[in-house]
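First chain written, first letter: the chains are A, B, C and D, and each begins at residue 1.
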């Protein structure tokens, strides 16, 4: 049993099938690459096997696929940052968090020692910013701050995460630059409480053990809007998930944000141990692990694997579907009565289409009554509902009897 | 008749209805804001009316909505940059273009005088980068380089765009900093041909006249994957549209990329005349115009309008739908025969769901034959087709007769 | 009795005479200037009287002149930095000290948080560098590090310096940026021992109380090559004095090194309390005090006073004398015998002149014997002695009997 | 006959003697060093002999010493910058010149493309600044701007300097970065006239041919306060010479100003062809030539040679003489009459000593009349004269008859 799984039963992952075959093919193709350097900033990282290479994907529907070294444990390092940021957002709200830390890519290394003109670390994905977001989390009577952080990351992963004591002690003994970042942030007025405690809790969270499957589940939880698709637990709100993905988009891959958007386009976060976590919204969570890093500090094979996945498997966030599916399931006219059945997820664009179709239909013919049926609808946003209601009111005003019929339970597509 | 429309008939835009009401409400709400400074770098801009404010949106289905000063003409300025970049991509390919210009946010002002470590301007959305992408476009025997650029921007807008001669002459007479950027790029080995000619063609493209409706149509053309939804013309490939949106995401709003991703999340480009163009992929194109600029050089009311649209109307690119619509329209079993009808846009995630459902169904029951019917499908990606084919091959190998039935014409969801 | 003098007898300073009149005229002329801001980073500084203005000068021969508020005590702040640097040089040598701290002007503010490419603070005159040089000083069994530092600064001043406890406590309580600088230097491998102790000793030395007369005596000690001209004590070697003056030249006035060289040209160091110390080598030490600071952090009236002194009173280090005084006091020929009496300070240039004169004289005439007499010489450098000896050897070789006659005690102009 | 001497008779330089021996010893010692790279930015430089090594020194009294390749011609390159700056100072005055160019070390490479916050190049020793100072020089009817520049540099060197046409054409054909710097400065409002013409004249001045002896004479002219010690021609004012030396001190050795001040302390300027010119005020001018450059762009052997000269031969500008020579040649009392003979160069410090001695003498004894005799004085500064006059007035006021007796011609030590 592997030390990363901490005595629990391993999750069920698919062992065969065409999706597993896709991942295996990528692993085979990239395994021979030899570029990059294993990080040596602490002995625990320097000793990593440069040939280790694992890849996992978890779909928004909760199916789990993996290939290569999918059981190897490694310390999560900077991949923890988006999750602690998400915790801070949940506890303090977007505006309060960003009074303490910026949101811009720094164009500088992850350990850059600079604050923005408002005295804040540039963003929560660099060390200084992560130390500050850590400082914003409160401990509780029954649980220390770190235990709360560990609990949330464990909920994202769907299993209890253990800590690598040696890595923690190494970082605690040598991490003076991170202490400098902490004192600098305190001088800027944005770090709360004790610098030393915030820095130590930051080292602890970096030392949590994970596998690529853990990363993929964590990513899928973000990609699914905050609900772990394996355990069904809502870990953070949909709104927080969106904010977290946004910050990963601009700041997650160190100073390669632009290249990443162009060539990959999946919100992601990498770490110095060689892990990368990537979350394609509404679609897949992906985890990769391979220790050799490029000059920007990102896993060489990890970057290549995500480029292939994005290029070949429709995961780019700006991919444009060939034709948006029509939200109108059927539109039936019987005499003066128009009966419209909607389907799928009704967002503002879908509602605009419905309104437009309704307006045309009512213009063209002698319609005296309109019913819009929502029973096939999977969700409807507040904006879409407002638009539909406004149109029905307009029709009413124009002498057409108009109503909306909806089931008792419908998913109000709210983010909070 | 306004000088921006150059003798053509104005486009039909909706004059009433709930979507227009949404835009009008935003205009009313933001009109009283008085922050910001009108740009004064040339007299033609300095004379702009600080109260001018227009807003337009064009849906991916080609419907056009507007409010406020929707007929006021202004020079397009930096909003031309993504379109010239797209032209360069079409002519030279992604790798060749990016051998001449980077793709990273610069963290510096739009007219920053720096090259990256490879001697390239940081990205094509800053002046230096736009001068370089201009230099990559070739003239033809029958048409000068600038006439070709004007023709492409006109295709994006769906009407012929005229040039403001006074603005052009002002910039040509005083734009020494841009000449410096051109010579610097030439020294870096990335500008082709004559510096002076590239700079003058850059000034010409910046001096093209547009309205907010033009910007919205241009944006909708990007949002629809390169096809102008009003004229039906394919202006650029879907792949080029995606690349252009990617670069706008990371570099379009000067040094506010991170804030923009967090608070708006719509790929956008702003210009010094007060215009902003924003393209929500597969959904809406938006144009805004209001001259007063904030410290970053973005229109104050324009930014606020797009924040409202994103927050309230489901346009954030990382918005996670409540539940992805199922790609399986029906699955019918009759004896040992399983008949599966798919629908909508079949991408990799959808195919993964189908494969998973098929595998379960075949496991559960004595199925001897499977048919997958695609006639209700609006598009299918190559990756999705590969995955389905691989699963059908697996079933065949396991003794189940499996086949896919598709209509004569189906949209192969290719980007090129 | 003033708190800065700590119970000692005040020094004798001239009360009248033309030099005092010069200082008084400068004080009168500059007193009306109202620009600048009193520093408010700790309450003890924020409360300073913006009208306080004192000026003192001490000649290399030990005469002491002052005008204005010459008894007001203020904390020495950054003006302590050159003296702690000098201590480190004495204890560790030039190369060892500069393995820990650079020597280049940083072009950045005094509290800039950056290290050079070798991981060292840019120079010992910025906070980070001063904390590092402090860390290089060792405590002794009988005296703490700070007591040793205080003792050396007191020797420079010629009286015991007291510490302002309130200023020290304020800085210790709020100086997190300086702690950040300390940890950063420790991470760079250049700070020795405990960060917290080095930072506290740095705060203590900054809190030592001085008057402008103290600053002038301290400066005169540097200007005289390390010997306090009032007490006669050698505090540091001549070589260390030169190195200290060199670093003050390039790094002493924050990011105004070039302007300072051009307009003043006297090695100087300023502090946030409004003091400036300036040392014109071999000539005068000057102290000024006036709390309001300019944007670069230098005392407004202090800078103006030193500009006047330099412009009008021959203190610029690059001032070129109208004609260097001849080192030949007399050259007498009697028959074949040439008798040459030298005078003053014989450096390499002087020796070159003597050699050249000797060569001519011997060429021109039938000289068979040469004697060089040094009894009027005040000092002779090693290089000069070598040159003279080589010439006498050449003469000997050419058949001219040549010798040098010198008194029992002559000042060998060695720097160590 | 060497191409650098342009048909003129070579100057007389000493061929033997102990000073020549010093230079020869340095050449021998450093010849074996093999570090550094010959510049390859134009073919004319790339072809330089890496073993070429010459060294020359010219004393303030006009004696000329050399060793090694003292007749090899090379293009002056950036070593021309201080002289064009000096010309601009003479024509436009200090304040006007520095309204167009700063005076701070840039901490960046010589071809750095940045302006300071006032829109000026950082200093006149970087390319951008030198192009601007060139643009400030006016042509005349009879002579082009370049011919005027060539004439002034020739006066500094004491012979007509020729131009290397090939080097000029190479730079003119490829120097786009310098054109960028020119346009940037024009955009900043600090370059006058045509960018292209200023850049071409800059390239022409860089292509002037010199030898190490030329550099040493040019340096000696600066060191002597603007009078060429070989030809006796006053080329610039003493004040301009001081300003030029000041800017060389802070900005002459690229980004090594601090190290240079610490280890060498002689105002200097280096060039990409491997030349270094160094001027020890009132003492020696030195020229060195050796093509291989270190990372900062300074000649490796050149830097080493100047370190040795400074360390061993008393040339550091902050060298403190063991004891300043007394300005009092004799002080004789006969009855109530005090007769004081002064000598040498009387500056403020000397005058202060005289005043102090007079005051003591008058205090101690019944003196009724004082005469100060200046016939042995080589120069007297205005400040010194004021101080003496003030003291004599004070004595007069106290009832002592006091007067100053001076020869008809005395060198008023004015800088203008």
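What we mean here is this: a residue touches a chain if its C-beta (ideal position, glycine included) is under 8 Å from a C-beta of that chain, and two chains touch if they have at least 3 such contacts.
All of these numbers come straight from a predicted model, not from anything done at the bench.
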Chain labels contacting subunit C and also subunit D: none
Distance from subunit B to subunit A - Cα centre to Cα centre, in angstrom: 24
Centre-to-centre distance between subunit D and subunit A (centres being mean Cα positions), rounded to whole Å: 64
Centre-to-centre distance between subunit C and subunit A (centres being mean Cα positions), rounded to whole Å: 60
Residues of subunit C touching at least two other chains: none
Pairs of chains, among all present, that meet the touch criterion: A-B, A-C, B-D, C-D
Residues of subunit B that touch subunit A when the two form their complex: 17-19, 21-22, 59-61, 63, 94, 98, 102-107, 123, 223-225, 238, 241-243, 245-247, 249-251, 255-259, 261-262, 265, 267, 281-284, 312-325, 343-345, 347-349, 352-353, 355-356, 359, 378-379, 381-384, 386-387, 390-391, 394, 411, 413
Contact footprint of subunit A on subunit C as seen in their complex: 113-114, 176-177, 179-184, 186-187, 195
